[in-house]
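Each of the next two complexes has subunit A plus one more chain, namely subunit B in the first and subunit C in the second.
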Partner chain A sequence: MDMFLQQLVTGISIGSVYALLAVGYALVFSVFNFSNFGFGPVMMLGTFSAFYAIPLLHLPLLPSILLAMVVAGLISFLMELTVYRPMRKKKTLKLYLMIAGLGINTFIPNAAIQIFGGGVHPFPSDWARATIQLNTIAVPRSDILAAVLSLVMLAALWLFLYKTRTGLGIRASSLDTDTAGLMGINVNFVAMIVFLLSGAAAGLAGCFYGMKYSVFPNMGAIASKGFVASTIGGLGSLAGAVISGLLLGFLETMIAAYGSSTYRDLIAYALLVIVLIFMPRGILGKGMQDKL
Partner chain B sequence: MGYLEGIAISASINIVCICGLVILTGYIGLFSMGHASFMCIGAYAAAILTKYYSFPFIIALLIGGAIAALSSLIIGVPTLRGKMSADCFAIATLGFGEAVRIIMSNISHPYFGGARGMSGIPAYMNLGWALALAFVSIVLTLNYARSQHGKLALAIRDHQDASELIGINIFREKIKCLMYSAFFCGIGGGMMAHYYTYMVPNVFNATISNNLLTSVVLGGVSSVTGPAMGTAILTFLPEVLRFLSNWRLAIYGLVMVLIMRMRPEGLLAHKEIHQPIVQLVRFIRSRTVRSTDSGRG
Partner chain C sequence: MKKFLAIVLVVLMACSFAACGNNSDSGNGDSAKTDGDPIVIGFLGWSSGPDSLYGLVPQYLLTDYFKQVNMDGGWLGRQIDFRTYDVSGLGGDFSEAVNATNKLIQAGVDIIIGPSNSTQSTAVAEICNREGILHIPSGSSAIVTVDENGKTRPWTFRAGPENSDYLINIANYAYHELNNPKIAVLYETTQIDCVNMRDTFVNTLEDLGGTFVGEATYQIDDQEFRAQLRSLAEKNPDYIFMPAMGYKEIGYVANQLKELGYADKIKLLTISTADNKDLLALAGPALEGCVFNTTADMSSPRFTEITKQYYDNHGASGMALHVDGLVSFNEAKLVEYAINTAGSTDPEAMRKALEEAKEIDLITCPVRGYDEQHNLLGFQYNVVTVKNGQFVSLGEYAAPAK
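Entry: the complex of A and B
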């Protein structure tokens, strides 16, 4: 039982990383109908900014996480500004947007290996590494922080999307971007907000991943699991992304704990294929009507 | 000479793989992040057939390709049905690539060798075979692209709904293209195994899939010889630019982004290298025909 609870804590914390990443994918997909394959590098660069800010600027943990979110958001927006927006304006095929994203996904991590070095580093925060003894299970502080902050982030995101005018604009654009543009919604502004938000989610997820495992230039590869989660949840559905992210994290840790850890990385893809066979639209993908 | 020969053989192997991917990416507009897995399957199948069952080289290659094509159904059937977005297919291929690599590394059967891979594969591959296979693949793919199959694929890429309305079975066409591409990647993998005579599953990683995709993107969509030329360039250039070798993958990524941004249809979009020659021949023939006509008149 203790082991199960311990694994459950781990599952929830890694699941919240997946959920944040999946939400980042879902935000962009819901408005622009393409998957931002350049999402992993955003997360990696955000984490590296926190990684360097803590020892160099002597920032405490929370401000450095905030810094990671801001940096990741700005990088994500920069990507939209320099690559995706001009391509969208030319009305190119969706395929080309995705290949460009894949190019970013190859370019930035490999350039980062040359610049930062290929080493694997621990996240430089002693506070997060300490554990809290709860009855019989030991919970790392980073896991609690991950669960709490992701919840706060998701709640803030929900409030923003459903209770503000800008959020209304984003939801309108997610139904039909072109028509929303005709109705006086500034689609470029919506794009800015969406890419900033998804980048911020990636920065947060990256910090948790760095605390739980380590910081290295290829850590963006984990974002593909976030993409799997967002596909399982139904492309473009925020609630589905959160649920399937947590589900994926839970299943992975359980199978690694009680089954074989060799095949842990395959769970996500096996689950993806199974879900796509029986529910081609994903768990919560109901079609075009209610995406956000 | 051996050095140049080695590069030429690598380029030919890449051309064979590209010939499949051209149809998948350049014609029907799906893109794959895991075609190295089909190379892996083809390579293992062909190598086991030649090493343990002493099959003839070419038959082993063909069987390897066929097994790769059949295995592509595992991802093709769930992700290409209905109106599924191309994103699902892309991420499923990525997962399939990982899965094949991990499964091959963990098979304990002595034929496969697990993570240590296979060695002692007969060295059947030489320059003649490589060039011949590359040439045959290009000709076959050109014919495929010019046939009805290629035209249907183009129609689906440009407007899926419209092509469905005129009665094209989208699912069948997509599966056909996927199997075609997996077949050629399987053959390319088999060629690779018989050239290096040893292999480990980790060779067939996402980097190879990415390099294949970069060549297709660089060479241009709706063109067969363009990507073939693209992959030849991408095989030769790193040899010349040795001082940049650490940055090679970063540059590949940058090339991909820049091409998509500036000229998304690639260098030789909708054109073939041999077209000018064909046109010249036609032009000369038409002139001679006209002069004989006028001579008669």
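Entry: the complex of A and C
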């Protein structure tokens, strides 16, 4: 039982990172019907900003996480402004937007290696590294922080989307961006908010990832798991993204613990295929009108 | 007009990136070479992706070295034209290494050095041995210098120890010097090198009568090991042996062992991949008591000058000088030996020089030439532990002769 509980904690902890990433993918997809594959580098650059801010600006942990969210949000928006928006204006096929994202996903980490070096660094927070012992279960503080801040972020996101006029605009755009534009909604403003929010989620996920593991230029590769979770959950569904992110983390951990890590990705990705065969819109993806 | 501008911009970008590297294919075919032509040396390394530190650090060392050689007048009065090619990392396949090798051969390369792992090195060795090009990879498994029929590849000479030597050495050390502890193994299944290293270690340990209590696996670029560690801990090992190809995995495992509360009773046992000060930064306190063997005692005066030069020139890169980088640096010393002993860049003469070598002073240690399978003789192993967050040498160790 102890072993199961320990694995559960581990699964929730990694799952919360996947969930945040999946939410970032879902936000962009819900409005623009494409997946931003440049999401990994956004996460990485946000995390590096906190990594440097803590020792250089002597920032405490929470403000540095906030900084990472702001920086990642701005980079995400910059990506929309300089890459996606010009392509959208030209009515470029969504596929090309995703290919541009893949290009960013290769270009930025390699540029980062030249700038930051290829080394792997610990996140500079001793507080986050400490562990709390609950009977025989060891829970790292960073995992508790990840769970709390992820919940806060998701709750704030829900309130923003469902209780504000801007949120209403985003939800209207998610139904049909063109019609929303004709109805007077500023689609570019919606895009800015969506990319800022998804970037902030990536920055937060990146900090947790950095605290749990390390900070390095290719850390954004983990975002592919967020994409898988987002797809299983139902592309564009925030609730689906959260549930499937947690589910993916849980499954991966249990398979590695009670089976073999060799079969971990095999089973996780087979699950993706099976879900898509029987539920082509994902677990919670119903119709286009149900997005977000 | 916009389209034209876009095309011009893309072309300009491509040209500027090409100019940043030094991979220009300006060389002529070998047949067109004269005595005044530069000596073309191609380096295949990993300078992008998550394993870039294993390519960039050697690349920095080698570039500095050849620059100095050229400033001193070159070899045989000829300048060195050193060309580097990125062949992805551990996760990459061998196609980029094959493409780079073919490109180098077309450009009239004299010697190819690298890469580090068996999958890529074997693919490069196949081509070099077909074309009669001297090839010096840094280490890896037996299959790099010996083909599938058990025949030694005449043109491929190793610059570092063969992987199984490391494993036999550390298995013996564990059995004889650590008093036959209970050992579990955690290894990566994605790469043939890791699987081979696991097999050699376990076979050696079992032949010695050692205590192997269980194993778990992971995949390349994994970060989460707590599930496997918890399972392994149930078997009460004293050590977990990790034949890892990247130091970050060792760091993650050490940190997660500590987080789970096992660090006091379960220590890590590993190989030279751990010989990297960046690992101490990543997991210093969690590594306490970790033991590994390596081909160099980096604290010895032998490396003082190289270390100083590296940090003076490349300290800002954020990558520590590591022993795998020094093993790759051995490749340059072997090239130097082959060319200067042969007195030319005639492939057969250089090959013969290496095959008949009796004594070569490499970067990591002096060696006594090659055996029949083109493995270097006389490599010394240094055993290191982590004490108070620092690497502490436990001295040289040689496995007892059977």
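Please note the rule applied: the second predicted complex is superposed on the first by the 287 of 292 C-alpha atoms of A that agree within 3 Å, B and C clash if a C-alpha of one lies under 4 Å from a C-alpha of the other, contacts with A are read in each partner's own complex, and residues count from 1 in each chain.
In this section, a contact is a pair of C-beta atoms (placed from the backbone, for glycine too) under 8 Å apart; a residue touches a chain by one contact, two chains touch by 3 or more.
All figures in this text were calculated on a predicted structure; none of them were measured in a lab.
**Student:** Once subunit A from each complex is brought into register, does subunit C clash with subunit B or fit beside it?
**Tutor:** Once both complexes are aligned on subunit A, subunit B and subunit C clash.
**Student:** Please work out whether A:135 is in contact with subunit B alone, subunit C alone, both, or neither, and reply first, second, both or neither.
**Tutor:** In the superposed model, A:135 contacts neither subunit B nor subunit C.
**Student:** In the overlaid three-chain picture, which partner chain does A:253 touch, first (subunit B) or second (subunit C), both, or neither?
**Tutor:** second
**Student:** Where does A:224 make contact in the superposed view: on subunit B (first), on subunit C (second), on both, or on neither?
**Tutor:** Only subunit B; A:224 stays clear of subunit C.
**Student:** Give one of first, second, both or neither to describe whether A:110 is in contact with subunit B, with subunit C, with both, or with none.
**Tutor:** both
**Student:** Let me test your reading of the model: by the given contact rule, A:102 touches which partner, first (subunit B), second (subunit C), both or neither?
**Tutor:** Touch partner of A:102: subunit B, not subunit C.
**Student:** Check the residue A:266 against both partner chains and state whether it touches subunit B (first), subunit C (second), both, or neither.
**Tutor:** A:266: touches subunit B, not subunit C.
**Student:** After superposition on the shared chain, which partner residues are touched by A:83: those of subunit B (first), subunit C (second), both, or neither?
**Tutor:** Only subunit B; A:83 stays clear of subunit C.
**Student:** With both complexes overlaid on chain A, does A:92 touch subunit B (first), subunit C (second), both or neither?
**Tutor:** The first partner, subunit B, only.
**Student:** Pick the subunit C stretch that clashes with subunit B in the superposition, from 20-28, 200-208 or 308-316.
**Tutor:** 20-28
**Student:** Same subunit A residues contacting subunit B and subunit C, which ones?
**Tutor:** In the superposed arrangement, which is not itself an observed complex, subunit A uses residues 110, 262, 265 for both subunit B and subunit C.
**Student:** What does subunit A use to touch subunit B in their complex?
**Tutor:** 29, 33-35, 37, 83, 86-87, 90, 92-100, 102-108, 110-111, 114, 224, 227-228, 231, 235, 262-263, 265-266, 268-270, 272-273, 276-277, 280
**Student:** Under the touch definition given earlier, write down the residues of subunit C that touch subunit A in their complex.
**Tutor:** Counting only subunit C, the residues touching subunit A are 47-53, 56, 189, 216-219, 221-224, 226-228, 230-231, 234, 247-248, 251-252, 255, 258-261, 278, 281-283, 317-320.
**Student:** What part of subunit A is in contact with subunit C in the complex they form?
**Tutor:** 3, 6-7, 10, 14, 109-110, 113, 116-122, 129, 131, 133, 138, 140, 212-214, 216-218, 221-222, 252-254, 256-258, 260-262, 264-265
**Student:** Quick one: which bits of subunit B touch subunit A in the complex? Just the residue numbers, please.
**Tutor:** Going through subunit B, the ones touching subunit A are 25, 29-31, 33, 74-75, 78-79, 81-82, 84-88, 90-92, 94-96, 98-99, 102, 106, 157, 210, 213-214, 217, 246-247, 249-250, 252-257, 260-261, 264.
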